[in-house]
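Two complexes come next, and they have one chain in common, subunit A, joined by subunit B in the first and subunit C in the second.
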Partner chain A sequence: MENKDLVQYIYGIADNALILGQRLSELCGHGPNLETDIALTNISLDLFGQTRSYFQYAAQLLGEDKTEDDVAFLRTERQYKNVLLVEQPNTNFAYTIARQFLFDVFHLSLLENLQNSSDATLNAIAKKSIKEVSYHLRFSGDWVKRLGDGTEISKQKIQEAVNALWRYTDELFHLTEADKVAVEGRIGVDTSQLKDAYYEKVEELLQEATLTIPEEKYFQKGGKQGVHTEHMGYLLADMQYMQRAYPNMKW
Partner chain B sequence: MSEAQIKNLEEMFEQRIANDEKIEPKDWMPEKYRKTHIRQISQHAHSEIIGMLPEGNWISRAPSLRRKVALLAKVQDEAGHGLYLYSACETLGISRDELYEQLHSGKAKYSSIFNYPTITWADIGAIGWLVDGAAIINQVPLCNTSYGPYARAMIRVCKEESFHQRQGYEIMMTLAKGTPEQKEMAQDALNRWWWPSMMMFGPTDDMSTHTEQSMKWKLKRKTNDELRQQFVDQTVPQADLLGLKMPDSDLKWNEEKGRYDFGEIDWDEFWQVVKGHGPCNKERMAARVNAWEEGEWVRDAAMEYAKKQEAKKLNKAV
Partner chain C sequence: MIIEQKQHIDKILIPVLREVSDPEIPVLSILDMGVVRSAIIKNNKVEVKITPTYSGCPAMDVIGDDIKLALKEAGYEAEVQLVLSPAWTTDWITEAGRSALKKYGIAPPLEAEADKEALLGNKKIVNCTNCGSSNTKLVSQFGSTACKALFKCDDCLEPFDYFKCLK
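Let's look at the complex of A and B:
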């Protein structure tokens, strides 16, 4: 697999961690209580840690003295390959939890497969991240249950969030060109194969949380091709502000 | 209990403190001791939590991944400090909800320094260096304070605060050694944060109340002015090393006294911010109240869920 394809494959995985980490970091200091604030920040920290491992590798593959920060901060919106799900805003705590849960189930099964990658670096990052992501899933899954089987209000809010975000789940299983090349080279994971198990697992937990499985027929896609929702530009404007306003400096 | 008995208990109590014994939650203590400690520990806890806001303001815009992670971890540490301190305070017989209620109603105070805005990235460096630096000087003596849970919380807190201070200074150093634009950013942050940091030690000794009592209970070891002097003497050489200039034209080394002389603090500004009219008092309170109110349905849900789970367990057991 050529370096430039491998880099694209890495973006497809790492940008999810970066953008979701960024979203969660916006909440630091504003959580519903201290314990939850600390836990969400932990998840954000884990995701940024994973991002750095992937991007250091990508920078090395790109050569020309590229750094993790060039990769993280200096691409245009169309060059970020995260799924639409992770860029969705922190509308309220229910949305934050639903987004996390819908991503965590996917993320864990992706890593479980990526740890068999023939690429030693990706394989090592996956192995290291699995423990973290299992914890994320336990946290988000527990909160889905608490909110679903909590009060009338919380049930209504989490149901609404799950319904609203459901249309972004199908994209998780689309294969890009870079994905296909990586799968062929036994480096990447064929995520289309993870789809059935994903919905089974998600639906099982939603049922346990006494929630209704959404009956969505129309799904959204585009993130993996760099065609994002309108939220993405603002997220990047915020995240890239310093690097854009003060180019070529060390921080 | 007769008055004589209480008097006797009080004497024994003061004696224990004088002997450097720790007071523990289950021990008898004078009502005034309890109240003073609730006030001070909760004020400290509130400061940690409000303190998350000005720095949190830069997490989403941190200039590199390394800085972003470090800042996020720092702000999270402050949440942890709040947590230990609220727990210490709760051992004195007050609930966390009551403490929050006091904060949100404006009855309880928090450190005024967090009512200043963070407007550039260099402010994050300046806060770590100066604000965490001043906090350490204020707090290190509390590691030996008389109330056990408070002293133990402070030992953990102080360890992390010195890490924050080094990290802040390192941000300043990077800026000071950077481009002219970066150096200017660092100087500007120092200009804006120096005097508010000096105010963190409180009013001058002649204006300060209940110092004597606090000394006896080891809530204080040195006076406000002594601590402020220590801060100046420690910080000026650090600014020199950065190649930055202190925003105080009266600042100069006093050979005879072996310390720095410095200019007058703007006490009008100090009192204005203390009374709730600083640049960000309203925003800070609004952010806390908002997080608390928006979080109510979440906390309710967690409680309701726990109740249901408990009931299920009981049912199974029957």
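Let's look at the complex of A and C:
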């Protein structure tokens, strides 16, 4: 596999961690109470840590004195390959939790497969990250249950959030050109194979949380091709501001 | 379970490295923490490999700098490299490390299954670091740092940290 293809494959994985980490970091100091505030920012920190590992590797593959900071902060919107799900805003706590849960189930199963990658670095990052992501899923899954099986209002809000975000779940399992090349080279994970188990797992927990499984048949996609929702531009403006205003700052 | 690490550390460097601690847990030497994978002297230069506890642990950059500084004071130039594999586990915290944690007010990690029961609130098995009572409850799965959870003692009413099991 050529370096440039491998870099694209890495973006497809790492950008999800970066953008979701950025979204969660917005809540630092603004969580609904101290414990959830700390939890969400800790998850954000884990995701940034994982992103750094991926981007240090990507920078090394790119050569030409590229750094992890260039990769993280100096791309344009179209060059970010994260899924639409992770860029969705923190509309309210239920949205934050639903987004996290819908991503965590996918993230864990992706990493469980990526740890068998023939690429030694990706393999090591996956093994390291699995331990962290298991905690994320435990946290988000617990909260989905708590809200779903909670008060009338909490149930209504989490149901609304799950319904609204459902349309972004199918994209998780689409394969890009870079994915196909990586799968062929036994470096990447064929995420299309993870789909059935994903919905099974998600639906099982939703039922436990006494929630209704959305019947939405329309699924939105585009993030993996760099075509993002309107929220992405604002997020990037905020995230890239420091690096653009004061070039060459280090992470 | 505490696993004897496969560390490769030149004996002469051990006293120097023992003095370097985790900035978040100053009582815990990085050697007892199990983050030093190897430290070898080559042509008067020391090559140190460390592994992060959690990917995003902000202490790693500081630990790297502290190692370089400590070795410099001991007369060595050092290069510090971060390695991810094999991934760190709480099994690598030594017995001395565990008792240092406890003394500092952080309950040391339980075994994986027990840890799960404790964090799900099914069993009261994390002992209070203040009074020793097991009548404790989980306040938050995430604590002041990524590696800890927050507990509270229902007997002496003091809050305390619990170092989560990571395998």
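Heads up, the rule we're going with is that the second predicted complex is superposed on the first by the 247 of 251 C-alpha atoms of A that agree within 3 Å, B and C clash if a C-alpha of one lies under 4 Å from a C-alpha of the other, contacts with A are read in each partner's own complex, and residues count from 1 in each chain.
To be clear about the criterion, a residue touches a chain if its C-beta (ideal position, glycine included) is under 8 Å from a C-beta of that chain, and two chains touch if they have at least 3 such contacts.
In this text, all values refer to a predicted model and were calculated from it rather than measured experimentally.
Peer 1: With both complexes overlaid on chain A, does A:124 touch subunit B (first), subunit C (second), both or neither?
Peer 2: second
Peer 1: Looking only at subunit A, is it subunit B or subunit C that touches more of its residues?
Peer 2: Of subunit B and subunit C, more residues of subunit A lie in contact with B.
Peer 1: Which of the two partners, first being subunit B and second being subunit C, lies in contact with A:132: first, second, both, or neither?
Peer 2: Second partner only.
Peer 1: Touching A:47 in the superposition: subunit B (first), subunit C (second), both, neither?
Peer 2: second
Peer 1: Give one of first, second, both or neither to describe whether A:220 is in contact with subunit B, with subunit C, with both, or with none.
Peer 2: neither
Peer 1: If we overlay the two complexes on their shared chain A, which of subunit B and subunit C does A:239 touch? Say first, second, both or neither.
Peer 2: first
Peer 1: Quick check on the superposed pair: does A:38 touch subunit B, subunit C, both, or neither? Answer first, second, both or neither.
Peer 2: The answer is both, since A:38 touches subunit B and subunit C.
Peer 1: Shared contact residues on subunit A for subunit B and subunit C?
Peer 2: Touching subunit B in the first complex and subunit C in the second, residues 34-36, 38, 42, 45, 48-49, 52 of subunit A appear in both lists.
Peer 1: Which residues of subunit A touch subunit B in the complex?
Peer 2: 22, 25-26, 28-38, 41-42, 44-45, 48-49, 51-52, 55, 68-69, 72-73, 92-93, 145-147, 149-151, 153-154, 157, 238-239, 241-243, 246, 249-251
Peer 1: Quick one: which bits of subunit A touch subunit C in the complex? Just the residue numbers, please.
Peer 2: Touch residues, subunit A against subunit C: 34-36, 38-39, 42-43, 45-50, 52-53, 120-121, 123-125, 127-129, 131-132, 135, 138-139, 142.
Peer 1: Show me the residue ranges of subunit B that touch subunit A in the complex, using the header's touch definition.
Peer 2: So the residues of subunit B touching subunit A come out as 49, 52-53, 56, 59-69, 72-73, 75-76, 79-80, 82-83, 86, 121, 171, 174, 178-179, 181-182, 287, 290-291, 294-302, 304-305, 308.
Peer 1: Quick check: in the complex, which residue numbers of subunit C touch subunit A?
Peer 2: Those in contact with subunit A are residues 52, 54-58, 83-88, 119, 139-146, 150, 164, 166-167.
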